[in-house]
Structures are given as C-alpha cells and as structure tokens.
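Letters A, B, C and D mark the chains in the order given here, with residues in each chain numbered from 1 onward.
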Amino acid sequence: MITAGIVGASGYSGEVLLELLSSHPEVERIEVASRSYSGKAVEDVLPRLAGRLPGTRFIEADPGRLAAMEVDVWFLALPHGVAAAYAMPLMEAGRLVIDLSADFRLRDPELYRRYYGADHPVPGMLSRVPYVLPEWDAQAAWKEASLIACPGCYPTSVLLPLLPLLKEGVIGGEGIVINSLSGVTGAGKKESLFYSYAERAESALAYGLGKHRHLAEIEEQAGIAAGGDVKVQFTPHLVPLMRGIATTMVIPSAASTDAVYRCWEAHYAGRPGIRLLPSGKSPETRPVTGRNRVDFSALADERTGNLLITSAIDNLMKGASGQAVQIMNLRLGFAEQAGLR
Amino acid sequence: MITAGIVGASGYSGEVLLELLSSHPEVERIEVASRSYSGKAVEDVLPRLAGRLPGTRFIEADPGRLAAMEVDVWFLALPHGVAAAYAMPLMEAGRLVIDLSADFRLRDPELYRRYYGADHPVPGMLSRVPYVLPEWDAQAAWKEASLIACPGCYPTSVLLPLLPLLKEGVIGGEGIVINSLSGVTGAGKKESLFYSYAERAESALAYGLGKHRHLAEIEEQAGIAAGGDVKVQFTPHLVPLMRGIATTMVIPSAASTDAVYRCWEAHYAGRPGIRLLPSGKSPETRPVTGRNRVDFSALADERTGNLLITSAIDNLMKGASGQAVQIMNLRLGFAEQAGLR
Amino acid sequence: MITAGIVGASGYSGEVLLELLSSHPEVERIEVASRSYSGKAVEDVLPRLAGRLPGTRFIEADPGRLAAMEVDVWFLALPHGVAAAYAMPLMEAGRLVIDLSADFRLRDPELYRRYYGADHPVPGMLSRVPYVLPEWDAQAAWKEASLIACPGCYPTSVLLPLLPLLKEGVIGGEGIVINSLSGVTGAGKKESLFYSYAERAESALAYGLGKHRHLAEIEEQAGIAAGGDVKVQFTPHLVPLMRGIATTMVIPSAASTDAVYRCWEAHYAGRPGIRLLPSGKSPETRPVTGRNRVDFSALADERTGNLLITSAIDNLMKGASGQAVQIMNLRLGFAEQAGLR
Amino acid sequence: MITAGIVGASGYSGEVLLELLSSHPEVERIEVASRSYSGKAVEDVLPRLAGRLPGTRFIEADPGRLAAMEVDVWFLALPHGVAAAYAMPLMEAGRLVIDLSADFRLRDPELYRRYYGADHPVPGMLSRVPYVLPEWDAQAAWKEASLIACPGCYPTSVLLPLLPLLKEGVIGGEGIVINSLSGVTGAGKKESLFYSYAERAESALAYGLGKHRHLAEIEEQAGIAAGGDVKVQFTPHLVPLMRGIATTMVIPSAASTDAVYRCWEAHYAGRPGIRLLPSGKSPETRPVTGRNRVDFSALADERTGNLLITSAIDNLMKGASGQAVQIMNLRLGFAEQAGLR
C-alpha cells in the first residue's frame, strides 16, 4: 500500500485522477495539493467526490514542502510550463513523478521551443524522460524511471493505432491526414466566454489548423516508430461533448485490411486497454467514457487507395488520468488494471 | 404573388421550408401535402408554426391530385426513391418542381445504381435535370428548367468552396480528403433507438466510411468543374448538434492562400450566400444556424504542402430548405434573398 | 421609417434585438452602442448577423452623446443599475426609451432596495414608468409614455397566464407555488466557470430559493391585478438549454378548467402573442424558440383541489427582445407583429 | 461469493446494474437474460461493458428455465406488468428476487388498478413484499424477505428527505407541492420520435400532470410514515439530461431550518447514501451522476411560511440500480457500499 499525491487536483483530469486513486486497492493515503484551493475541503470543491476523502483538504502546492512529504508517487495534473518546476525537486527528493502535463512529452528542445513558444527550463531532461504509452511500451527501460511523461489526449487516440503499423512498415509516413473531434473538458477548467455553455452548445468548429501542439508530439513519436521523418496534417475540432475524442485517419497505403488487423493483433492481443472493432464499424466516444481503453478499427478503401482508421477514447481517462494510473500500476508492479475497473 | 406547395412538409427540412414560405413576400398561398399527416392541422403537427398557417391542414399526397391543383411551384421534401414519383407528373402538368431529395442529383444512372442500390426509375432524366448551387451557377440554362435538383447538405458545404478552385486549376483533383461533422437532423425525423437523445448525447462517431451517398454527388460535380476525374476521401461524422455541418478539407496543393482567396473573390464577390472568413479563422456552425449562407476560409500549410479549407452551414437552411427557396427566387425572378432574412 | 438605437447590443438579448430590428419593415437605420466593443464592426463581434449590417460599427456608449443623436427609439439591453443612467438623459432629450433591464420594473422603491441591495437612483420615477405586458395592457396610458419598462423573462411566463385569473377572481392570491426552468442565456453572456459548457451540460439545479429578484416583480404585478397582496413561492431552476423557460404553477383553487379557459379567452382571444393549448397538454420550450409568444394551458386537479398552469416562452424573444419590439410596434402605431415573424 | 442474475439487462438500468455487479467483490458469476437479445454477446449489445464479461451471452428469458438455474439473487430490470411473471416462479424456486420494476411497489391493489390501468396479477402479494429505501429502513423484517421491491426514481428523490420529517411530525401532510426534473433515460430505452435527440435537445416540458404513477407510490409511503393520509401535487418535467433527477418540494410548515436538519441528522447520520448540503445550497444533478447517494438541503422561507427542500439523485444509480445493489448488500450481509464505489 502506497501514498499517492496529486498536484493540481482541482482541474478535470485532477478530479478524475483523485476519483481513481480514492478507490485504488493499492493506495492507502492521498495528498492533494492545489495552487488555487489550498486549505479548502476537497469535498467542497469537488462534490462528486463527497464521501470519498472525508476530512481531506487541499494542501499548499509549494514544491519544496511537497518534496519533503512522505509520498511514494506524485502525479502532476498541471498546465505545461508549470509542471517542470514541480517535477525536478520531487524527482530529486527520490519520489516517483508521473507528469500528465506536456512538459516532458517531446524529446527535442527545439521542437518544444517552436510549439510552446519558450525555451524549455531543463532541456537536457527531455531526451531522458520516457514518454509512455503503456500498450506500446517501446522503451522497456521506463520501468526504472523516476519521472515519466504521460501522452497527450489527441496523441493517445492517434498513436496507439498508428505506431505498430509504422514500425512494421505496414504503412508509410507520407500523406497522413488526421482529424480529431474533442469534447470541451479537453481545454481544461476555465472561466471563458468561448467555453461557456451558451457558446459551445449547438456549435462545432475546427481549430489550431496546422499548429496544434499535439502535432509535434504525434510526429515525433511516429517518426521514432517509423525510423524516419513522419509528417501529418492534424486538425482538431471542438464539438459539444463534455468528454471524448473521436479520431479519423486517412493514410495513403496499399495495405489490406487484414494486414492491418494482423499487425495490431501481434502487438496488442490480450491488452485490456485496446479494443479492436470489426472493419467497417467505427467506434463511438460514449462507450469508452469512464473507460481506460481505446477502441479502434480500420478499413482499406480500394476505390481511393487509402487506409481509414477510426478511434475513440475518453480524453480524461485513457487520454489522461486513467492512463496515468495504468502507468503507475505497471511501474510499481501492481495489476495493470488495478483501480481502473 | 404565387402559390407554393410542399410535399413532405412534416419532416425537418419540410418544416423549415414551410416556415420560410409562410413569411415569403411573394408567396400568397401554401399547400402542404403529407403522406403521414393527411387531414391534420399543420399547427398540431408542427407547433413551431402556430399562428403562421391558421386553419391549414395537410392534404393527401396523391401525385395525380396534386398535379391537378393550381400551384405554381412544388417543393419535394421527400426521401430519395419517393420524390421521382411526384416530380414527373407534377412537371408534366406544367408545374415548376424543386426537388430537395437525392433523386435527380446525379447525372450518371450507373453511379445512381451503385450508390442507391436500385435502378433509377427515369434514368433518361438524370442528365437533363439541372443540379443547382445558386452561387456557382455553372449552367445558366437552369433558369428555364421545370425540374431542378437541390444539392445535398454535405455537398453544399464542400462544393461551394471547392468548385471555383478546381475549375480555375488553383488545385488539382488528386488526394482530396474531406471530413464533415453533422448534427442529427441531417438523418431526418425518425423513430430510432440510435437517434434517441440518450444514445446521441455525449457521443461522436464517424460513419459511412468510403461509401456515403453524398460522395457520388461530390465527385461527379467536382469532376465536371475540374474537367476530369476527381476522387475524394469523404468521411462524415455524427456529433451532438441538432443542426449544422462543419467541413474540413485537406488538399495537396502548392497554391498560396492568396491565390485561393483571389479565386473565391472572383467567383463570389457580393453574393449574399457566401461569407469568406480571414485565413486562419475557421467557421463555427452556430453563427450560420438559421442562415442561408456558407462561411468558409482557407490556409495553405507550408509545412505539409497542403491547402486546408474549413466551411460551415446549417444543414436545414443552406444545406436544404433555404437553398431551395433561393433557387425558387432566382428561377422566378424574385430578389435572391426574398424570404431568407 | 424610423431610426432605432440599442445600447448594450453585444449581449444575448441585444443580439436578438439587433437581429429583429435589422429586418423590421419600419426601421430604416440602426445605431448600436456598446460599453465593451466600441469601434469594432458588428459583424466581427456577432457573426450571426453577418450581411445584415454591413459596415456598421459599435459606437461609444456615452449617454450624453447618444442623447444628441437623431434616434427615434432607444432600447436599453443593459444590466440593472446601469440602464437608469442612460434612460434619464435619453428620455430628457425627447427620445422614446424602451428599457429591457430591471431598473424600472418595480413600482415601490423600498421593494427595489430589498431585492437589488441598493437605493434606486431615481426612486420618484418608479411609479411613473409603465411596466408593459402588451397583451395584458392594463395601463392604456402607456401608449403616451416616453420610458417603458419591459418585464423580466420569468415574470412574462408567469404573469400572462396569471393576471386575468387574479383580476377576475377566478383564483385567489394565496398559496401560489411557481417553479420555472430556464436555459443559460437567461444569465447573460459571461466569463464564468459555473456557466461553462463542462459545468452546465448534464446538470440541473434549483437556485435563488425564496429570494430571486423576479419574485418582487411577480408579486407586485400580481398584487395590482388582484387588488391586494399576493405572495408566491417562486423557485427558478437552471437546466441545459440555451434558450427557453418552462413554468409550472400550482394554485389552490376551486375554479374549473372551463372557467379558467373562459377567462383567458375573454382577455386574450385573437392576440398573436398568446397560444392556449388544450387542457392536459403542457407546452414545450422548443416550439416557442425564436417566437414572440407564450404557450400555456391549465388543468384543474380535482383530487388535490389545485389548479395547474404550465407555460413556455423563449427567454430572449417573448421574455426580452421580441416583447420589446412588440412594445415599440404598439407604442409607435406599427402592426403588432411587424418584424416578429 | 455468489451468482447474480439479471433479467432485462439490455435497458439502461439493466446495463448499469450489470456494470456494478461485474466489479462487485462478492459476485463471482453473472447470468444475463434478455427478452430481445437472447443468444447475442453482451459486449456486442452493450459496448461500454467490453472486457467486463468476456464470452458472456444473453440467455433466454424463460421464467421456468431461469428458476431452475443455480443463481443466488435475481434482479428484475423489466417493465411493470412483466416483472411479476418472473418474480413469482423465481421466488418459489427459493431464489432471492430484487425487483426494480413497479410491480410490487404499491401496497394497495386498488391503488395499483387506478394508476396502472389493470388488475394486479397477484394482488395478495402486494402488502407482503417489502418496499425498501435502505436508509429509511422502516421495516426491519425486509432482511428476511425473498422478494423485495425497489423504489421508483422520482420517489427515491422525494421520500428520503420527506419521510423522517413526516414521521416525526416536523411537517404535516397537507399542501405539499413537488416538482421534479428528470433526464431522458428515466423513460427507458426506446424507439420513439418524441425521445429522439432532435426533439429532446433544447426543450423542456412538464408532463403527467396530476396522474404520474410515481405519485401513488409517494403518497402511499408518505402516508405510512405520517400515520395518515398525505396528498401531494407532483409534477414531473423532462429536461435535456441523460441522467439525473432534481426535485424541489414546497411544504407549508412552521418548522425551522434547524429542526429539519436535526431530524435528518437523527435518522441519517453516518449513512453513506445521504449527503446533507448546508441550508441555502441546492444540490445539482451532475455531482451525483454515477453515485449511489441522494444530496439534499432545506430552507425555511419565513416570508411565505413554507419549507423548501431540494434534492438530487442519479436516476439510474440511487434511483434504480445502485439502490438495488445496496439492497442486495444489506440483505445478504455484505458491506453496504460493496461494489458501489
């Protein structure tokens, strides 16, 4: 039994993480730190969790103090640019740190600068922090790591189907077009007219054309798997969902539907976080809401010579907090699905 | 002042059409026929229209009887396969017929057979019925036609931005990838578990991969404009909107953003049904709800060599009934926007 | 043909008002003033209105300058407490002022202080500014007034059914229980976590128990109609709608259903803003969206001895901007429904 | 460890029940019977449950066969009128039966006939089957029962706050007005135009005025607690939620807010299924989604002499399947919250 801590527990992924950890069979105690709610009772800020953490209050999110606490694993559910300032001292204090932010997702400091508009505070760390999609698991060494980067929500929906195909050469890295639809919790908890109910209900739009930050992450990981440069056209869309991402990929490819499924089966057979749907059946977002899995399927369109892949995840579960718990489970030797059913 | 008639007035596009015609300055009288509601008061079936058509009842949708009535223009808001059986006798009786169904949208009977799974009842008509996107207006002769095919909702969102670019050779017809997001009224008014609130809320999915019927319409019209074969990868998605279509197109092209806007300006300047947004600003569906216009913009992504076009329409207005009224206006010499503001 | 002006045109009711006035047959020119958007093009701030007001920009909302402009009627779509500072100088400059805010809805300065938490700036005006529900029209003298108070959204849904029954003694003023459900535009356009999509979707709650400001307005007007004190228990609820109010009233009463309908018919027969539904059929909010009318019905529950009344309006139309235009129409001698169809 | 069975597992409450039982620590095996899906894989019909019940198929819902199976407890998630035909043979075969339908909720066969429009098939059973709100627990004897009736969703939201106050005489049974707002899953899984997304989104309405079946259940149980007749005016409303019930009660009463809370504390202190909110703070539905609890609060409105009570539940959890599992837990001696966190 361990003690887990969360920094940034008041956002949407923080809340889901807290909910998961509060009923995790291997977690005995939880510390929750918040930059905004220090001193308040968790139940008052997050009424969904009423009864789960009686008496627990948010503690101050001071990196030094947190580093001094007896906590086995810290989860950082913080905005990018903020997480690094916690990750370093916590790691140096010997804690395991699982970072849900974007701060350590990229390998290349130059790429970070281009997409995030600032120099990375500890650029030397980037190539050393493992980026972990647990089912892909290319870097076995991550199970020794003391700081782990969790993938972004869009990249999770894209990379799990894509990486084995790129690695095995079933598809090439040219001309890939990716369109994703996301619910509004993907943007975080914010005071904003644009994200108000009256503005988001009954509206859909594309955004971030050609420059969304998750694009860098997708291309870098895809390139590693392919063993060469991969360029994708990635267009995210905002739709009136609270939770969920649906992704549609179009890939110029002569691969047969069968070859695609064979490759997926070879890599993913028996993995609980992966659900293959029959060719021709596209996944919906709702069946994966609250689930730590990605559903996907493929169809080779002979008429156009394209391979079509569609996937669905819950952005707060497999796309964030569920995956983070899965990473903890594997890193600490617990059952992979512990606390995730 | 004319008398207008609607067959199929109880569906969603029929209702919007009735609403538009009921306050149209050139329409004096409206006849509404329904296969399901014959004899019922319009207001009881369509309470939104209360006070608009006092005393009006649905009449029986018998083609022969309708043909005998003194009606200047008949709108067919019927499922495909049904409309043709009304269009022919009404046209033969000397009426103007504006068909909102898919029955006369394609030119090629073989294409019809492939996508609609049946032989067309009057295949010889297909090449003779004009398919009219009013702002595109390639076939001037349509203003003499007695039967006119209105474009489908997805094709309207796709073709208005695309056709001038193909015609002028600003883009080529290779490798076009189109993703569209649609609200549920696009599927019509139906008793169905899949379309129930509890199933559609909080869910998004791709459907009709590689085989949606609007694909045939898009490719045929795009090919006519381009003067050669055009193949597109078209993937529609269903999202929790009542109304609206957002379309994202990725087109391999060296064209500059400027060249694209110049082409659009040349074709569409001053047309009230077209609104160009600045490059980099993607349209949302809600601002076009209830509007007979399409909003669109373009961005050349130099990093990938793709041109990105995003558009938004209201599937029931510019995508169906608004466009049908606009067609009537132009065909009968009324102001283009009469009854559409 | 007149010139109309709006102060506060960038909020939800301001936008609807602008949309209505922009196609109003008696309105030639519109001036739009905004405290936040001065200098910006209306179309950029309110893309729904693209093409309606080409070239129009928001002007500065300075009361003195506005008073000096040649405008026939000013609509104030402003928060309470702000409107009065515009109403007085505009009225003194000889303009007709139609106030959509709460500033002149109450008659009693003491009541204003209790519910709004501040002294009214011009308390002497309160009893002199007519409060106008056009179909009720108790004060014929309002057609001479230069400042008119438009009712609140909840009160409109409550008072139109209630007032004739109270006035004619069909019901008494004791023990009335009112529950209303409102969409989120009722709260205005605001940057707020509480009103964000992710917080409001899939949630419903009661609020303002025993103290909502519209309660004062309901009781004061009900008391005037009844000729004595009326006390109501009014509980508003927030539900995931953009627009719409559904109101349910429970009134201890021995009145028969017939007596209620007879009273309503006597007062409202032929009025386009009123739609009586048959007893036993409760109105829905959606059929009245975008409509300047209230739908209502009644049922005497013999088992309990209560009269049940249910009503529905669009909070932005009959509950705000549509009613304001209707008031202008009647005040200036235009057709009652001009610009409202 | 036990074997549990569900009849009617394909509806919304059946699905939630299956999800709960599939991760219940005391349930070893689950049998799922369906009248519509016999022979199909559970995962294909209910993709949310993918991975939970690998290989499990719906069995035929034949009462005789089910009675012969080795199942410790059967849950009936069936429409009223159908459940009784299963309950009797299963009970006679010595199984524990927990009925989520309305078939055994009323005590009085005459009341059943009036509200359900048919004679009860086994009227003699009605007074013998315990109706169990676990926190209220008036009938200790239910822990021996072999057939147990689970309360309806609306009644659960009403009775848990109300019963202690009636029993202790804190309030009387006169003039109680109850308004409830419900999400659409409350109506079950159905093919219906009225319940389609395009009809329910952006709409709210009252229904079942003066005659909803849950009224009978509320009055009968309230009368038992009060020791005399209780009449309530109950008006349910349908709002665009998938899940959730928000209830507002107005009760003529001189009781102080403190007296109400003291009574609740006395009855419910420490019960995990009850969460008291501070007076003046009304519960929302979303924080209770997926939770087996009811949140409620009270406010004495001195101005009107009414006591106001607001409550919120998840209609599929505390209002149906969660409560059914809680009942099983208590009946079989498991931890009250087993499988419910």
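By definition in this document, a residue touches a chain if its C-beta (ideal position, glycine included) is under 8 Å from a C-beta of that chain, and two chains touch if they have at least 3 such contacts.
Everything numeric in this text was worked out from a predicted model, so none of it was measured.
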Farthest-lying chain, centroid of Cα atoms versus that of subunit C: A
Recurring contact interface, reference A-C, options B-D, A-B or B-C [over half identical by residue number]: B-D
Centre distance in Å when subunit A and subunit D are each reduced to the mean of their C-alpha atoms: 37
Length of the line joining the C-alpha centres of subunit C and subunit D, rounded to whole Å: 39
For subunit B, residues that touch 2 or more chains besides their own: 183, 199, 201-202, 240, 242, 284, 286, 289
Complex contacts: residues of subunit D adjacent to subunit B: 12, 183-185, 189-193, 195-202, 240, 242
Residue ranges of subunit C touching subunit B (in the complex, touch as defined): 23, 47-48, 50-52, 201-202, 272, 275, 284, 286-291, 293, 295, 341
Interfacial residue positions of subunit A with respect to subunit B in the complex: 175, 177, 179, 181, 183, 199, 202-207, 209-210, 231-233, 235, 237, 239-244, 246, 248, 250, 252, 280, 282-286, 289, 299, 301, 303-304, 306, 308, 310, 312
